[in-house]
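Before anything else, here is the set of structures, which you'll find just below.
Note that chain A is present in both complexes that follow, paired respectively with chain B and with chain C.
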Partner chain A sequence: MKKVIGIALVALLSSVSAWSETPEEKGLAIAVEADKRGEGFGDSQVELKMVLIDSKGTEAPRDMRVKTLEGLGEDGDKSLMIFDTPIDQKGVAMLTYTHKEKSDDQWLYLPALKRVKKISSKNKSGPFVGSEFAFEDISSQEVEKYTYKYLRDETYDGKDCYVVERYPTDKYSGYTKQVAWIDKAEYRALKIEFYDRKKALLKTLENKNYTLYLDKFWRPGLSEMKNHQTDKATRLEYKGYEFKVGLNDKEFTKNSLKRAK
Partner chain B sequence: MIERLTWWLVRHPWTVVCLTLLIVVASGFGAKNIKLNADYRAFFSSDNPHLQAFEDLQDQYNKVDNILIALVPEDGEVFNTRILDLVEKMTEESWQVPYSRRVDSISNFQHTYAEEDDMIVENLFEYSTDLSDEEIADKQAVALKDPVLAGNLIAYDGKATGINITINLPGVNQAAEVPEAVGYVREMVAKYQAEYPDVGFYLTGVTMTNNAFPEASQQDMQQLYPVMILLILVLLFFSLKGMWGTLATFSIVVFSGAVAMGLFGWPSPEVTPTTLSAPVMIMTLAIADCIHILMSYYHGIAKGESKQAAMVESIRINFQPVLLTSVTTAIGFLTLNFSDAPPFHDLGNIVCIGVLAAFVLAILYLPALMMLLPSKKVSQSFGENSKMQKLSDFVVKNSRALLMSLSVVIVSLIALIPLNELDDNTIEYFDWSIKFRSDSETIADTLTGVQSMNYSLKADGEMGVVDPDYLNTIDQFAEFLRSQPEVRHVGSFSDVMKRLNKNMNGDDEAFYRIPDDRQLAAQYMLLYELSLPYGLDLTNQVNGNKSATRMTVQIDKVTAQEIISLDHRAVAWLEENAPQYMVTEGASTAVMFAHITERNIKSMIGGVVGALFLISFIIMLSIKSVKLGFISLIPNLVPAGMGFGIWAVFDGQVGLGLSVVMGVTLGIVVDDTVHFMTKYVRAKRELNLNTERAIEYAFHTVGVALSATTVVLCAGFMVLMLSPFAINAQMGLMSALTIALALLVDFFFLPPLLLWLDKSRNESRHQNSDDHSQGESDKPLEAQA
Partner chain C sequence: MKAPIAISVFLSAITLSAASMAELSMTTQLDYESTFFGADSQIGENEDRWNQSIALRTELYKELEGDQSITFKPFYRFDEHDEERTHGDIRELIWHKVADNFELKAGIGKVFWGVTESSHLVDIINQTDAVESLDGEQKLGQPMVQLMLERDWGNLDLFVLPYHRERTFRGKDGRLGLGRDFADAVYESSDEENHVDVAARFYTYIDEFEYAVSVFHGTSREPALGFDQTQGNVLPYYPQITQLGLEMQYLNEGWAWKFEGIVRDGMLQNNQSTLLGDISFPVFNTAGGLLVAEDEQYFATTAGFEYTQVGIWDTRIDLGWVVEHLYDSRQEEASATAFEHDVLLATRWAANDAASSTLLAGVLFDYEHQDYSLSVEGETRILNNLMLSVEARVFAPDEENPQWDFRDEDFVRLTLSYYL
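Let's turn to the complex of A and B:
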């Protein structure tokens, strides 16, 4: 990991001087910069409405809340997702420890059974609760989870962007590559294209309505994922972002899951 | 008018021939735009309810297009490291198949079990080469016991296994997408076949069915057309007794086909193998026009007339009957537009264009062309009427006996029609020369049912699928289906819930049942969903808002009637045992094809009856007699009826191809009647002959030509029997049979009928005219021949 960060630093430095930089170095430098700009939010919570849209346009909504605790040093972020609807799954809570090097750990609390169950770690590439998002799409985007390659500059949605390819390092990932449009001004991912295991375009994610919190942290108000192979889509609507609400490690343990509300 | 035109044509032969060539090439060029359609859906109109039910199903769940690769080791041993490793490698590689959405096999089957307090979800076979015999035996027991796998992806006896690839075609260019996916799979299979020569690899599935259609067409083209062309040349040579006439006619036959396919091809349509039988039909039909014209022409030459005069006279006397028969044939083929299956619309329209093109070419181009070719010495054989005389004598003499006995035959054959059973089977559409057929049959024998049905069972609202009552009902429904003799395998969501309940209770067999509590079931499902890996989600079984599940039923290769009957039993069970909102009919390609013939016959009947009246009206107009028009209905209708009666005796399975035979043959059958009746009427009116003599006259004038055209038409349609595609083969056989019967009816039944119903009112006048004609009978007969 030190090595990666070392490379990142070199890459960053060289991006300042901006010569003799390979596309791989530049891609990594962009990812590192984006990651750096997101640092320091401490903790956050948000209400999330997930709307599943089938190929005929029929919508099926589901409400949940997400609490996140920023990881420090070697650790990735920890997150807690609490389901409010549908009624039969109310109170189900999912705890995730993101890791930079190994696969994430996940546990699920089932209130009807009053038990916490570990979720198989290989399977984060499956669809998340029937949506077009895989868990790997919405979990914390650690720099180390991909290798990178800068492609070109391009204007997207009126903003100057870097277009960067990234390749998942996890062999259980559902993707062979992703192409991200990251705006030069704020390093926000405006659009990401996902290519499946046979290298065909699978999905496109668009992040919209970015809002600035605490003068530093940009968060999208709306994320739309469109599956090109099935014509299904999923919309994530974020509401009521709060930062630095005083969450701590104790609220992100297996035992705390049962009390999560 | 027509004489002046023909004179002009025979005086400017080069201009006419060159212009014709130009027009034919220009319009024929469109044929290159025709693409082969690789989609069984092409056989269904967009408002077909069974297609709609099936499309709805696919919208709610995953697509069900698939390629199933079956692996059958020679020694019958699937469960050893070598074969398991093969399955694992092929499963992994199958994700690379273009447009694949999902891959299922015993290897990546999501095996769930309890370990301490956790539920483990993992591939059943992974790193198979490292497995000990004991581990393999354990996993083998799991595979052979699991209701999802056994009888589906692993044979009940464990001697064959399958890899099922779900395909989701973008549908932008289906004609290219299907072969792309199939090609990839075939290449992959060939690679492993070389490595594992002791394993049999077989392919079936919806995508393979789709692929078999264009492949069968190509085989059609390669097999049918050389035979067809040879046949035409031989037949022409024998009936025209000369090379130049044969070549001239052959050019018309080819041009008619080219013009029809070309004009049809300009808007870049996609066609099915059925449509590709059109040129064979056009070629066959085009010959008849030419034979009539050339026979008269040679007759004139034989009498010593100049080429030009002989041709003008030939056109003069043939123009009306050839026009009439072309129009009635065209009308007959246009009735195919009433079919519920769009490929028959195309077939009907192409043949209609072709028949009209053949008419125009025969009237305009043939006269000009013949002027450029050497005329030939004509033998007396064109006047050969002694056989016809005998035939006519026989019929007139035995008129009463023929009328009686044939009536009995006709009535009994028609009475046999209901013995026919409707049957369509997409696998049996292809004969054994198509690999898809033999592969599918092998898979049916060794692994699983190759036909399927799906029931989308609605629950009570969103998230309703976790309701214990609902789950218990679908579980009982699955059990009911499993108890049906045709059913090989049932995939039900209730099996997943039962297994999860067991896993969540420490793998206690007592908990292998539906959870009692709705929330518990909902949360088990959520945990399971979150545990499933890439591509193996629940969307193939549970719809988006969890308000319905899909039950998949694999069935043996049974007849359409048995499929419909199974569906009826299933619906009856649901009506009796399930809430009303759960009641639904089965949906699948098998169900769609099971109903297609019945729907098609129903939709065709209206069109055929309408066309029959239209044609009869045209006949009435041309022979100017309402009574004879009605009489002519009998020989027009009876041949198809007899044909289906004979079919009931010898085959009895009526498929899609036969449902359009009425339309295909109607116009052709009518031609015989038209020729016979016009000559008969002319004899009565113009020559003042009595009924017997008029019949004799008709035999003399058109008997030979009708026999010749019938031989040509029967032979032409029988060429279609060589098609590996059953729809074409059956259509060809039945059409040939109907056309042959039509000639029999016109020769042996129509004359007795006329003698009975059209006997002159005045016996003495009849006697007089008889005497009168007797005296100079030879002259008018010769003059009109």
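Let's turn to the complex of A and C:
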């Protein structure tokens, strides 16, 4: 009897809190929960095949590897991306320090000239290596980079989802808003729509083939970005995810950028 | 070329690599280059308007046990007409050790310093392979020991450079040259090319502001060019110099503000007649005439900005505007390769397409002499392993300018690069 009352009380309290929660608060709470579920991976590395698909369906593949080091406290994640193909780009590498409050720091290494170039944060809306992904789409998604608004519940791909709008806080973002479908069970972003500066639908990203690593971390095996305005698309295929491989700060410095192979 | 360190490093690497199972990675690039000149040459003996050349570059890389690696990059070019441009070089043959608190490199290596586009004043570790390109961005391999320290307060690189490479120059049969042969180099140091040079560079960043301070002491990479009247040759003279360098870059919104400056001491200037042993050494005439100013300290700066518009006209094209001012305190007595009072105006296009197409077009304008040169450089990927690049230059020098000899050397160059 006592237990039944308890359950009823919890149900009442949670529904009260649901009433008092604004859509903005609920949107933020979902983002915070999704972020929390991703915490603790430490470090990871993965091989990426990026396939650029033009409006006629012609494919141009690129191969790269990405190493990521989880940020602690105020720091965002650090990542190092190394290009293997196209072969003229071999050894080109990009180092990113994600920050929660200020703009990210980003450097590009050009091996032919042995030159490390700092990339302006204004560049974040630009296409990443000719793909339909912008620089800001591939950088680490910190909670602080957006404000949020919960829209509705909806079933997507057979899964119960929250539909949440998010608005970039950085004035250099190429988007006015993004709409994300986040599944209630695991808080994974299954689909994101991107709206350009004119508030028109620009792109749709679908994350598929999610796999669970270390019993805690979900990662997509395939991400497809479709540009509705140009009919071009980019497919990202992830291979050989590894976690807690023992990467440290030393592997995410400007010197490490120069020796990345 | 003497490089005992590099050879012993290479041998020990081979021994080590035999024991390790790490795979050897190899990339090879084959270039076919065709150059069309707009006019017959007014200097030199070769008047051909069409020149062909092929170049082969290979990179071998092997990881070794204990955070070590070895890189080997040989290079060879064959040029149809210019036997000085037909040349080979070991761009790199270097052992690299990554330890907990430092990194160490030994062998033949390449290092780049600098931030600006129009000139590379600060960049002094490697000698320029001047037969390869006009922009000074192609370099010869430099024997070195490099210690790299990376700390919270910044990066410090220390160099010992035990051997000097002579700058390459076009032969008298090649276009874009002086139409003369070059004599053996003369050195200020009695150790000649074996003088041990030292250098250091500290660099760090604070948010969007990056800076670097560097110092070099040893044999100048830039020679003073004299004329040997008995042989009719050009005589390169390499003095001992000390150079301090400063690089700064500040990124703000779409702006990249850039500065490079050097103070150099010990450079031989445009003397009327300096005696080097028994050789009389009158140098080439410059705009300011022949003046005596030996060992004078001078400074040179390049300062400007690049403004980038991301995704212009609602396309995926990035458009950049580059404006740089070049200054040399020697003014009319500056060496022929220096920019004493020039302005670069350039525009950079990045298509952000699957073919990674880019284009850089600019004009370098000397506002004192009212002369200029135009340049266009572009590249695009034709096939997955085939790149096409284009370079075109137009020279419009003033009659009193040392570049006057280049007045009929306007050219368009196509290069196909095949990777295997």
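Here, the second predicted complex is superposed on the first by the 244 of 261 C-alpha atoms of A that agree within 3 Å, B and C clash if a C-alpha of one lies under 4 Å from a C-alpha of the other, contacts with A are read in each partner's own complex, and residues count from 1 in each chain.
Definition applied: a residue touches a chain if its C-beta (ideal position, glycine included) is under 8 Å from a C-beta of that chain, and two chains touch if they have at least 3 such contacts.
None of the values given here were measured: they were computed from a predicted structure.
Trainee: Report clash or fit for the pair chain B and chain C bound to chain A in the combined superposed model.
Mentor: After superposition on chain A, which the two structures share, chain B runs into chain C.
Trainee: Touch check for A:Leu113: first (chain B), second (chain C), both, or neither?
Mentor: In the superposition, A:Leu113 touches chain B and chain C alike.
Trainee: Please determine whether it is chain B or chain C that touches the greater number of chain A residues.
Mentor: Comparing touch counts on chain A for chain B and chain C gives B.
Trainee: Touch check for A:Ser125: first (chain B), second (chain C), both, or neither?
Mentor: In the superposition, A:Ser125 contacts both chain B and chain C.
Trainee: Would you check which partner chain A:Val92 touches, where first means chain B only, second means chain C only, and both and neither mean what they say?
Mentor: first
Trainee: Name the contact category of A:Glu154: first (chain B only), second (chain C only), both, or neither.
Mentor: neither
Trainee: For A:Glu186, using the defined touch cut-off, is the partner it touches chain B, chain C, both, or neither? Pick first, second, both or neither.
Mentor: neither
Trainee: Which of the two partners, first being chain B and second being chain C, lies in contact with A:Ser55: first, second, both, or neither?
Mentor: First partner only.
Trainee: Examine A:Lys254 and indicate which partner it touches, taking first as chain B and second as chain C; both and neither are also allowed.
Mentor: second
Trainee: Counting clashing C-alpha atoms after the superposition, which of 117-125, 171-179, 261-269 or 279-287 on chain C is the one that bumps into chain B?
Mentor: In the superposed model, chain C runs into chain B at 117-125.
Trainee: By the touch definition above, which chain A residues appear in both interfaces, chain B in one complex and chain C in the other?
Mentor: 52, 54, 60, 86-89, 113, 115, 118, 120, 122-123, 125-127, 129-130, 174
Trainee: Going by the contact rule at the top, pick out the chain C residues touching chain A in the complex.
Mentor: Per the touch definition, chain C meets chain A at residues 25, 27, 29, 61, 63, 69, 96, 98, 100, 103, 110-112, 114, 137, 148, 150, 155, 205, 207-208, 210, 249, 251, 253-254, 256, 308, 310-311, 316, 318, 352-356, 381, 384-385, 387, 417, 419.
Trainee: Report the residues of chain B in contact with chain A in the complex, numbered from low to high.
Mentor: 59-60, 62, 95-101, 117-122, 168, 170, 462-463, 466, 504, 517-524, 526-527, 529-539, 542-546
Trainee: Contact residues on chain A for chain C in the complex?
Mentor: 52, 54, 60-61, 85-90, 102-103, 105, 113-115, 118, 120-123, 125-127, 129-130, 174, 250, 253-255, 259, 261
Trainee: Could you list, by residue number, the parts of chain A that touch chain B in their complex?
Mentor: 52, 54-56, 58, 60, 83, 86-89, 92, 94, 106, 108, 110-113, 115, 117-120, 122-123, 125-130, 134-135, 172-174, 197-198, 200, 229-230, 232
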